[in-house]
Amino acid sequence: MQQQDLILGNKTMTSEQTHAETVAAPGRAGDRIFRRLTAFFALSILAILLLMIWQMTRESLPSITAFGGKFLTGSEWDAVQEEFGALPFLFGSVISSVLAILLATPLSVATALLITEIVPHRLGSAIASLVELLAAIPSVIYGLWGVLVMAPWLQRSVQPWLVDHFGFLPFFEGAPYGVSMMAGVLILAVMIVPIITAISREVLLAVPRSQREAAVALGATRWEAIRIAVLPYGKSGILGAVILGLGRAIGETMAVTMVIGNTPQISWSLLSPAYTMPSVIANEFAETTAKIHTAALMEIGLILLAVTLLINILARLLIWSVTKGQKQGAA
Amino acid sequence: MNAKVSLENMSVHFGGNHAVKSVNLDFPANSVTAIIGPSGCGKSTLLRSINRMHDLVPTARVSGRITLDGKDIYGAGVDPVSIRRTIGMVFQKPNPFPAMSIHDNVVAGYKLNNTLKRSEADEIVESSLRRVALWDEVKDRLKSSAMDLSGGQQQRLCIARTIAVQPEVILMDEPCSALDPIATLKIEELVEELKEQYTVIIVTHNMQQAARVSDSTAFMYMGEMVESGPTKKIFTNPEMKQTEDYITGRFG
Amino acid sequence: MKSLTFRHLTNGVVTLLMVLATLAVLTPLGLIFLHILKMGLSSISLDFFTQIPKPTGESGGGMANGLFGSGLLILMASIIGLPVGVLGAVYLTEFGSGKLATAIRFSADVLAGVPSIITGMVAYSLIVVPMKGFSALAGAVALSLIMIPIVLRTTEEQLKMVPGTLREASLALGVPLWRTSLKVMLVSAAKGVVTGILLSIARVAGETAPLLFTALGNQFWSKKLTEPIAALPLQIFNFAIAPYEDWHKLAWAGALVLVCIMFALNLGARMMGKTQRLN
């Protein structure tokens, strides 16, 4: 700022002057106001982010001081006894998101590869727009389909079969309820596939043609060119896409709430109902009576915020690093 | 002289665009042939049809015959992958694989065809890098990224990567256009040496370069092959008016 | 020596796997779409747009109050969020080369990844608690928090596409920067800005989680900003998890309407974006 004030004092306009310098030129009060005004709005983004962190921390304090570390390790969640341990929700969120990512990643990356590397450009773009349009479907609609169509189907067909054939495994024991960890994982996978596919596609499209040509000219088949040239070039971008998908999965609320069964328990069976952090907030927050209950839910929200912030920062850094590395790498 | 590669009545179309028009040309074995002409004349397009790179472009169509040792490379049952293994290519801009080390770049193509042991790999890396006079410059940092090299070194690495596959023909598409004069000189020296073992076809817009490195020269204009013959003759006593105009700098 | 046949076979198998993966991706998405179409079309009627929900057990009714509520919430969220997003984008385009601008862009990207239920909690603590009650206003604030980063980034992308020469021409004529920026830039990028706005509206129109404890939902008509208000996505949620067949039908009808709104907004945004680029 000071530097600019020094520059502006006396000099005439030169072609090298940046916009910022022009703004502060004498006699241009309008420009100064304009800059301050737009800067104010732009800065409000930072302010919003900080305000979110501040509010969530402040509102969680009663719970943080009352339960300390027990909040993370306890598995009793009893609003009447005012006993709050968030472990089942942490467990449910982590397991459902990780399994969904494991399911969605290979499918998404394979789809992105098919539409960028294999099929003709037009067909690829058509599939891509379809996938992008599906990414715009609201969560509550996935949930509606999940609870009214998918969960009953799981209960009728899939889960009984699993119990019959694989019931001896701890992952498939218990009764088939339909609404379950399995339903949550499946609906999450369906929802994050479009996101990972879309970003992976952008990353793959950013791989320079010269890289593919280099591999093909060495006598590589199409798949070998993907394996030695395309994927290594785009790997951190794709990793960013996957991490972003993980962030979405962890924060996803409505669809999961509608199909996961909302039972605070820690079970390794995919057939058992489970509960996630966003789901317990969605179900209980509007109906709390005790202050400590609100604070406990706020603390879950704070954990969720912290996790998603970290995940998003990591993902953005990865994706940004690819877009920057790309310009140098292509040279 | 026996022709290693020859083009018979060869045309390339991109959709409705006739980019290379009925070209007939022989490329003698163990010699350097330069293809010159103004930009957009179809010389790169012609070059890329020789190792079937146009297979990657859905709209491209190659007609006529291109033969390697007398066999049509576009013939039925001919595998483009094995064609490209025999006919290697070096591109305009150096394009090493940025995620790989120098060592891994050299054997990237070789490894597609062969399962190789460590010692074998090291041997191939050394001989290929020596061949392109890069060994002494990089032997202490074979594990570092290929992107740490200068532009000229990267291009020589790409040539090493190509010859590691043990091709018979090497296509070079303006290999020096992105390089400084000193790096260019090194590549030109290398091209001279490569012809002992390989048939080299080099596309260039730089006439001095063509005059320096090639044994025969072909001049293309507007998709047509105007004239070809021994380099000396083309540059001193061309038959066609267009050729003369071009090499004397009257157009292009 | 690796056999060429084997390598081609591997190539074929992997390609086949990619095709299968793509089918696996598209199948559930196609099924969802088909179900919404089938169930929605068989459940929808004129009543849906004119009636409010009937009490439990009675059949019929509609989601007119939800449609109105969603419209009102989006309108208010736009009034709060759009100026911030659009003018913030102008700042980033005009002065956005420094570290501060990078930090702002980064925060916007990160903010866009914050779960929407968190914005609901923040709006709750900022509006609902001090005002001692759930309200349409709180819902609008929550939605605007989601809108701002999206509008900011999409508008900036669109503004960047305006040729620099246009701006220089205006500056050379002695037009002050602020007028150049607002008039020349925004007007020539107007379609792009509208694209950004449409996309962000499409994004918040289906948001449910942030409304759960801000707008809360309402079985009846409400036009007061200080009272709980119905919203289409909230009604779909409540009716979908209720155990009544009639309510499920209404939920499907609501889903069909919501999906149509989303697709219309997205298509509109795309077409705007296209004409923008052709200009």
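Lettered A, B and C in written order, each chain numbered from 1.
Here, contacts are C-beta pairs under 8 Å (C-beta built on N, C-alpha and C of every residue); 3 or more make two chains touch, one makes a residue touch a chain.
All values reported here derive from a predicted model rather than from experimental measurement.
Asker: Tell me, please, which two chains come out on top when C-beta pairs in contact are counted per chain pair.
Answerer: Top of the contact-pair ranking: A-C.
Asker: Any idea which chain sits dead centre by C-alpha averages?
Answerer: Closest to the centre of all protein C-alpha atoms: chain A.
Asker: Based on CA centres, what chain would you say lies at the far end from chain B?
Answerer: Taking each chain's C-alpha mean as its centre, the farthest from chain B is C.
Asker: Between chain B and chain C, tell me the centre distance in angstrom, where each centre is the average of that chain's C-alpha atoms.
Answerer: Those two chain centres are 52 Å apart.
Asker: Would you kindly tell me how far, in whole Å, the mean C-alpha position of chain C lies from that of chain A?
Answerer: Taking the average C-alpha coordinate of chain A and of chain C, the gap between them is 16 Å.
Asker: Where the centres are mean C-alpha positions, what is the separation of chain A from chain B, in Å?
Answerer: 46
Asker: Two or more other chains in contact with one residue: find those residues in chain A.
Answerer: Correct list: 221, 224.
Asker: Touching two or more other chains, which residues of chain C qualify?
Answerer: Only 7-8 qualify.
Asker: Touching at least two other chains at once: which residues of chain B meet that condition?
Answerer: 81-82, 112-113
Asker: Given the complex with chain C, which residues does chain B contribute to the contact?
Answerer: 79, 81-82, 112-115
Asker: Which part of chain C faces chain B closely enough to touch in the complex?
Answerer: The contact residues of chain C facing chain B are 1-2, 4, 7-8.
Asker: Along chain A, where are the residues that touch chain C in the complex?
Answerer: Per the stated touch rule, the residues are 18-20, 22-23, 28, 30-31, 33-35, 37-39, 41-46, 48-49, 51-52, 55-56, 58-59, 106-108, 110-111, 113-115, 118, 127, 130-131, 133-134, 136-145, 147-149, 190, 193-194, 197, 221-224, 244, 247-248, 250-254, 258, 278, 281-282, 285-286, 297-298, 301, 304-305, 308-309, 311-313, 315-316.
Asker: Touching residues of chain A toward chain B in the complex: what are they?
Answerer: Within the complex, chain A contacts chain B at residues 120-121, 208, 210-221, 224, 228-229, 232-233, 235, 325, 328-331.
Asker: Of all residues in chain C, which touch chain A in the complex?
Answerer: That would be residues 7-8, 10-11, 14-15, 17-19, 21-22, 24-26, 28-29, 31-33, 35-36, 83-85, 87-92, 94-97, 101, 103-104, 106-111, 113-119, 121-122, 124-126, 134, 145, 148-149, 152, 171, 176-179, 181-182, 202-203, 205-209, 212-213, 216, 233, 236-237, 240-241, 248, 251-252, 255, 258-259, 262-263, 266 of chain C.
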